[in-house]
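Paired with chain B in one complex and with chain C in the other, chain A is shared by the two complexes that follow.
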Partner chain A sequence: MAAVLRFLIAVLLFSSIATASLSQEEEEFSEELLLKPLADRKVLAHFHFESKAPPTRTYGHHHRLFPKALYQLVQKFRIREMELSFTQGRWNYERWGGFDPISSSNAKPPGVELWAVFDVPHDLVDASWKNLTHTLSGLFCASINFLESSTAYSAPDWGFQPFSGSLRYGSLPREAVCTENLTPWLKLLPCRDKAGLATLMDRPSIYRGFYHSQRLRLSSTEFGSTEVESGIALDQTLTVVLQPTTSHRASMTYSSDSVLQPSWSLSSIFGRKVSGRCVLANSSNVYVQVERGLMSELKILHAEDEGSGADNLTFEKTWNNPGFELSIAPNRVIKEVNILHDETSIVLYEYLIDNYSNSEPFDLGFTWKFPVVWSSPQAPLHASRFLMGSGNERGAIAISLKATEPSDGLWFADTIENSCMLRFNVFQVVPWYVRVYFHTLQVFVDGKPQSVTDFIERMRISPSEDKVSPGVMEMALKLPCCVKSVTLTLEFDKGFLHIDEYPPDANQGFDIPSAVISFPDFHASMHFLKDDSLNKSPLLSKFQIPRRLVGLVSCYPSCLLS
Partner chain B sequence: MAEFSESPKDRPSEISELPDESQNSVSDFDPCTMRKTKPGLKRLFLTLTVLFSFFLGSPFLLKSIEIYRSPLPFRDIDSLSDSVGSSPLLFPCHFQAIFVGFDNFDAYDLGISIKHEMKKLTKHPVCGTCSDSNYTLSVTVDSGSGCARNYNAESTFMWRCGAIGEFDLGGGGDDDGVDEFLGSVLGSCEGFRKVYSVVVVNRGGEVRAVVGKYRHAWIVGGVLEEGMNAVVARVAETFVKVFVNGGKEEGSIHGEFMPVGADGRIVLSFNLLNADPTDWIYGWDFQRIDEILLAPVIKALGPVANISVESQVLYHTPKSSFSYWDEKWDSYIFSTKDLPFFVNSNEWHLDTSIAAGGRSKILQFVVYIPSAKECPLLLQLPNGEISVTNAFISPMWGGVAVWNPPGCLRDSESKHPARHTISPQDLQEVFEIFMGQLRQLFGLKSDSLYVGASGTTNLLASERGFTEWELDVLSRQHTCFNLVSCATTLGSLSRLVQSLPRMIIMDEIGKQVKFSLEAAKLTRSNASLGIYDASAVSSRQARSLAEDAFFHPSIMSVSYYSFEHCFAVYSPFFLPVSMHVLLAAFREWRRYKQETAKYLAWKEKAKVAAS
Partner chain C sequence: MGSFFRFRAFLLLILAATHLCCNSIAHSSSSASSSSTTMHTNNWAVLVCTSRFWFNYRHMANTLSLYRTVKRLGIPDERIILMLADDMACNARNKYPAQVFNNENHKLNLYGDNVEVDYRGYEVTVENFLRVLTGRHETAVPRSKRLLSDEGSHILLYMTGHGGDEFLKFQDSEELQSHDLADAVKQMKEKRRFKELLIMVDTCQAATLFSQLHSPGVLAIGSSMKGENSYSHHLDSDVGVSVVDRFTFYTLAFFERLNMYDNASLSSLFGSYNPNMLMSTAYYRMDLYQRRLEEVPVTNFFGSVMETIHTVSAYRAPSGKNSDKDKIKLSLDQSVGLDERRTLTSSNVQDQINDSNTKVSSVIPPYSYLHIFFCISCSDLKDGKALMLQDQLGLLEHLWCTFLNKAEKIEDVDILVNYGLVIMFPLVAKTNCKYEDLSIGGCCRTIV
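Right after this comes the complex of A and B.
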């Protein structure tokens, strides 16, 4: 119920944004950076660059800002939507949050993931995909061309994305990601890393992080599949989770067990400062996001400090409070409109980079003043995947889902009705050499085996074919809310590989692509007061778009095959 | 083998079975050397059947491992290579000389002497020019009242007598007007054939020679003052050096450096580089340029190459070498010897276009806008002068033009430079430079003067960038070059295929070779008819198909499956088995012979005993 309400409001908000941005006919580019202190003493930095090109029909095919290479890519392969991500490390859903816009759209499986929707007749989709993989491989200096082989990609029907017609999905879990992939990605920005926020991308600093995900998403309405022609939009994001270096001051303990979080600044985590915006960007902003959990902890702290219930509103507007202090006064403080619980909400501090220059660089500092412990919002289920069995025969792959502690009450909001049900989809691709016996699918609910048909609403399976196609499993499950844990197990055999089918260093084993678990009834989005100035920020308007909550399970089952 | 070892053991039992019959001869019967029964043929028959079935099966095996080779027309390829190699492709050309105001000269004599001069100038016919055997020259002496023609003046390009008077061709001020006028007079009698005309008007005054945008030239002035031989030499030179050879001097770009990709396509990639956008940001209205300036050029060059255009604007793209401040010019000077370091391949992302096919040629054209630190930037020629165009070309790569923003004025000290657009006039100037560069890349002259042995000739420029006679020259040259390239490619393919008898050749390659040969044939027939455009188009097709066949992925990837390879693959399967079968047959045969000999020996003995 509540989720639906949320969704409706968000749609209303979004549609107003969409109509507002429709009228202009100009290429646009904007750059933004979101910084967020994480609960486990780390810092999340999320760079977001957006380029937009008006439709070719009215604007022509010569562009001022939009990268030529990608425009030609869209035109040549008739791409309706495409997403390519390069990731190193795994997103820690428990500590870094699993129920917010950043994690649901920027947490990506390790290695390379590519999916694309083509606007071509059905029989040409595979050919387009193969050509696209080769082109991207050349463009991004990565072995994306290995996705060309029909054993490497699959055509999900509904499990990965709803209404995916001519979608192809492929991933390379073993692909190493490094600077050679970042440089071509930066080349697509008009200022590259010569000016603007991208100058912060000091290679050693960003590759030292715990998580590094560089993403590129294209969506176009060039080929008349939709009524509204908005041209081509290119989103480039880089999400990094960094550990601020602890200074000696941080080591002093306040109480018996809590340690002060390490303070950080842009120059201490990136080793660089921002010396002005990219002159071609329409907007160039930096945001510092303070999570709801942290905000409520701070409020308690504040109340203790003041002794009496001080004015909530004034408290949230301050950037210098008992918990932390920002070194520069923000240009604006944005507060999330909280529909369900009025006590606390997410707060964003906005900085405009326009006012900074070479002589006066922007170097934001975040100083902790008191040790605070908080937790991030969690997805309804926490998933993990592991291998069972031993030897070369009769292994089993298991996906285990455990209910998380309801962090914000939303997930039990439906309990008023008797039939509280939790729906989720599981999408798993298995390479052909892991021969999964789909008939051995078993469902354990709270540790007890249960009939499969009781919980699975819908299932689509395309079994693997040796050396031809991978096995694809799409499942829609429905569980009563009271369930604590669910485990799905499937048995498999290991196939024999020809000597030249082994990857280099075969002793490391093989990586099975991540499973994608999505919750169709939950949408991660933030809501802000309707304000025109806010709509200028593509990043925040992205946050307002309700996104399906998506989680990834990517343990690395190493299957040693003979 | 087991069966053989058994046979001696069998013998005693055989003997014991027949005790009474041979009672009497037991004493002289030696079981080792004789036998009493005829040896059976069963065993021999069985082994031989197996052997023969092997022999019968081998054709099936050979058939099944046979590789598919599409039949290639080797003979046609050879004949094409031979004919292209032995004699250069020459086109028929039609020339016409019109003399106005030469009343007392004989057209026939003039024709002879012009032909003689032309022969002198074309001693070694180059591929893509006109042969002296199949060109026609018509000479008309127009005296106002009537015309005198030489003998082979054909009716198809008849000059209308008295069409121009002595003073119709203006005094030199309005060349374009004269050009249009002559075009209207000559165009009417041209027909489908391309006739190159030179109109010589004798009326005194300074001699002035102009080549127009169409296919004619005119020489006006007191030409007779230098004598008739000079006039004839000049007319012949205009025909041969300008109309046939394109006015190129020796040492300019040759056919091998034609900037056309193997698939007959060119991508013109225009780039606007803002060296430092924090000083100023310039954009351009490329859409308009594309429609107004480039579209006619692309259409005109259509027969020679299939051209597509793309553009991009890049920022933060400094050049990679430094310039120095020169007080004399009051600007920054970049000298020619540093030009190789002007293009900064690290920062200038002039990528290979995705839209271009694998074998297309990409020509980069770069407008470089210097930063405020080095503005105005001028290019200095080796002789110390400043380049007029402020641009340079790099053959087969493209061209760079430096455009200095007006006044080199920075937008105050603001942090947010405003966006400017290069004004249409400036942009047109830049694109005129690019057009000149494109002409140079195609091997044509970029200036409007031709200096020959017998004087200087003005060349009028067309608004399409290329005049009609220049396009004819390009078509002829490209036809020739494409045909030579097609013949060499097909020749190498045929040699490769013949040298590897077990290489798989797909049907598609066979088809491509066939079509390529057909297109080459069509080219030759079109060339012999003098249809330049069509022959250029079909020669391009022939070359691109030949390249497609040669670089077909199936040829590139197939391991050629030589006989050794085949033997190595099949011998582990068949060698062990066939050895046994052969040996068995041989031994069976030997045994049979042995046993027969034994039987015969016994028979002999029995006969002796009986007698």
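Right after this comes the complex of A and C.
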């Protein structure tokens, strides 16, 4: 009897140890939706799905939640990092923000953009890239296989990402994005578009938006030599900017002659409601974000409204204020920790979808009560690119950067010898048939031509070769903070194309891929109260940078060209 | 006595010679009429829209209508190759984003939620089209972009766009000519990439596109004949362009009445086209096609309805070829007889399964042919007679099975044939039966 007891106890202990060790390594999946009213009467909806798989060495090849197609992709091509985005529309940096985590990571050039870092020897990277493009074109129903030819991709060194030499970057500016690209993207999710937040994705509503961008980001430590093995992480985001339909109340004019913003709800912008969470997800949340600018305007409104004897607007009750009202009380209100000064901060209202079901769907409504006008935080420079000259006569590409109003010293500028300097990188790829003459580079600061060496810290040029490779330019510039505008011009000639090299719709012309401007010294992040529960939200933890990394994370607004 | 021996020796020689020629004829007949020896196992659809630009919206709607029909009737996305030369649904000129309509009542959104386009935009070229058909791709091309058909596939090839006398225009920049298409189909036949192929073309002068075909097993229909134009059906004033072509509109009208379980035949589909409504003559050619159109259900090409064979135990499928032969050769009039034969076959199956020592009898069909052929002189061999003999097969198979059970250990089939020869020779010499007796089954029965 005693022996049996001892045996049973041993078995129990063993099983508990086994399950304990197993439970440390688990696949995780979480889904989130961020809604944000934008300054120009539009609404931003940002879906974020994150899936994590433990390392193969300890967990094995079979996964429950992680999509098999991507796992096999990582294994076959030995991918360390990869990002693929499908975008239509242009991100309006002035109205929608240029200095927040969403715009820095989700404002993508139109068309298809793909970059990948491989863990293979240098001579095999190009072959891996070719096979990767073909596989992705079959997986996502797009012509990504056009990136296989050497005229379509480039190998940036430091201008795009601070990585080593096995990064390949390619972009197809004219690629159409439609339902057939979203279908396989959704099929990678454990619940697909049948349950959870992805049920909101009504295709006509998404593609009616002013901007829509679906992004897939893979990072793995399967093949690297890092000590910390974190397995494979997959981030899928869909960012849509929608225009809610105006209601009758909008016709009311107010004292300041401004029109009330249109009220919206999930069912009015998507035509659907959330009828439950995806049961395979660890967390399924909806967030509504109120920007700093909007928050400060609301405080002013509250002060005017209540008179001088009113108590301060407590954040717990801000979801019902004189400016707007949310139809459902949030589960939690998260306030940003403002380490600079304790003025207004970003507020997030969190909703947990666990309690909602088919019989009681989640339909959040946002009703504006008073017209409010605010502005979003801007990047240090506002960039635009255009062509000068006509045809072959003095044709030139010009990148123009204008300083924006600094929003209350939000960014840390690099101080060198007590003088404030602004640093930024420019990365531009131009197809071979636009023959850029790099020796004609001119820099105009505040309208006056300057010597190139005064402002350019370093530059890497890869001149184009006819029908072989595009022209790549990576430039690091440094300017004093007081500069108002910078313009870079490069002259070009048009190359000669054979008749079979023209696309079938040659009347529409050719698109040059977007250039990327990045600010290595600035970080776009939001700091929240250090709380364990926040770490469970992948969206918020991506927004939140731990303090030790302040100042090292870069923000990358892209400059778009049509 | 001596003359009798000489007669027997002479007969032996004749039998040996006919054995050799029967082998070759049997093999050639089996390869030529492959439809009788391979089973129809899967359906594929290759849907091609070759037109670019917004004013060719209707060609996209045509192709998507067929895509929707084919998916609805059972062919999965993995077996459909959809080639769309331009993007209409998310086109900046489309007032209804992510929606494509083929009717001005806008009841049906053809684009839906789950569309998968394999070749799109600039990828739809004559080169890629021919690569898909012939299966000659670069190694990196993924499986979803390949036509992975085999000798048991029925393929539906639908092409729409702008065409003319012996050509089809691809994206305003190149042409596919009728002899190119015929060559590609011939390559497909050589490589056994299809069992039967249905080509449907909706362009102007469509029938000229398949005028050069000469591979067997191909059925083709075009929306108009040489010198005729194909017209669009109606204009949608909301979208701003014509939304569907007449031929496809009436094809869809036919299919919308169907579901997966209907067995409307191809002849009713082809007969449903009214030249007055189409404003052109829908011409089809069936000279390369062996089966009669009344017997072919439309789901053989447009859907994916598979015959299920019920088995008692898992993992021991019966030889599908037996039941398939019975199904193909009997016309619909003999439905009663079909049931009989089906039950007989299934009882055969039972016998085979219950007898645990039996090997799966993939060896049955050709050799039963051969043994019948021995009984008659091979110079009389014509398809008709073989058919009649095959009707007897159901009855004979039972006996054959018992024979095979005994001969289970024989691996080398040639030895089996030689044994048969040796056994049969003295009997033939003795009985000296005539053909009429054999047809009723008298002589061969005793042998087998």
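One rule holds in what follows: the second predicted complex is superposed on the first by the 499 of 562 C-alpha atoms of A that agree within 3 Å, B and C clash if a C-alpha of one lies under 4 Å from a C-alpha of the other, contacts with A are read in each partner's own complex, and residues count from 1 in each chain.
What we mean here is this: a residue touches a chain if its C-beta (ideal position, glycine included) is under 8 Å from a C-beta of that chain, and two chains touch if they have at least 3 such contacts.
Please read these numbers as outputs of a predicted model, since none were measured by experiment.
Chemist: Let me test your reading of the model: by the given contact rule, A:207 touches which partner, first (chain B), second (chain C), both or neither?
Modeler: Touch partner of A:207: chain C, not chain B.
Chemist: Could you say whether A:191 touches chain B, chain C, both of them, or neither, answering first, second, both or neither?
Modeler: A:191 sits against chain B, while chain C stays out of touch.
Chemist: Which of the two partners, first being chain B and second being chain C, lies in contact with A:135: first, second, both, or neither?
Modeler: After superposing on A, A:135 lies in contact with both chain B and chain C.
Chemist: Quick one: is A:465 in contact with chain B, with chain C, with both, or with neither? Answer first, second, both or neither.
Modeler: The answer is neither, since A:465 touches no partner chain.
Chemist: Touch check for A:68: first (chain B), second (chain C), both, or neither?
Modeler: It touches chain B, and chain C stays clear.
Chemist: Report for A:276: first if it touches chain B alone, second if chain C alone, otherwise both or neither.
Modeler: After superposing on A, A:276 lies in contact with chain B but is clear of chain C.
Chemist: Pick one for A:179: touches chain B only (first), chain C only (second), both, or neither.
Modeler: second
Chemist: In the overlay, answer first, second, both or neither for which of chain B and chain C A:354 touches.
Modeler: In the superposition, A:354 touches chain B alone.
Chemist: Now for A:60: first (chain B), second (chain C), both, or neither, which partner does it touch?
Modeler: Only chain B; A:60 stays clear of chain C.
Chemist: Just to be sure I follow: which residues of chain A are touched by chain B in one complex and then by chain C in the other one?
Modeler: Shared contact residues on chain A (touching chain B in one complex, chain C in the other): 135, 139.
Chemist: Would you mind writing out the residues of chain C in touch with chain A in their complex?
Modeler: 52-53, 87, 89-91, 96-99, 111-118, 120-123, 138, 140-145, 171-173
Chemist: Looking at the complex, which residues from chain B come into contact with chain A?
Modeler: 277-278, 281, 283, 286-287, 290, 310-316, 349, 351, 353-355, 415-417
Chemist: Quick check on the complex: what are the chain A residues that touch chain C?
Modeler: The contact residues of chain A facing chain C are 88, 130-131, 134-135, 137-139, 141-143, 145-146, 148, 175-180, 183-184, 193, 203-204, 206-208, 503-505.
Chemist: Chain B touches which residues of chain A in the complex?
Modeler: Touch list, chain A to chain B: 60-65, 67-69, 72-73, 75-76, 135, 139, 187, 190-192, 194-195, 276, 279-280, 354, 357.
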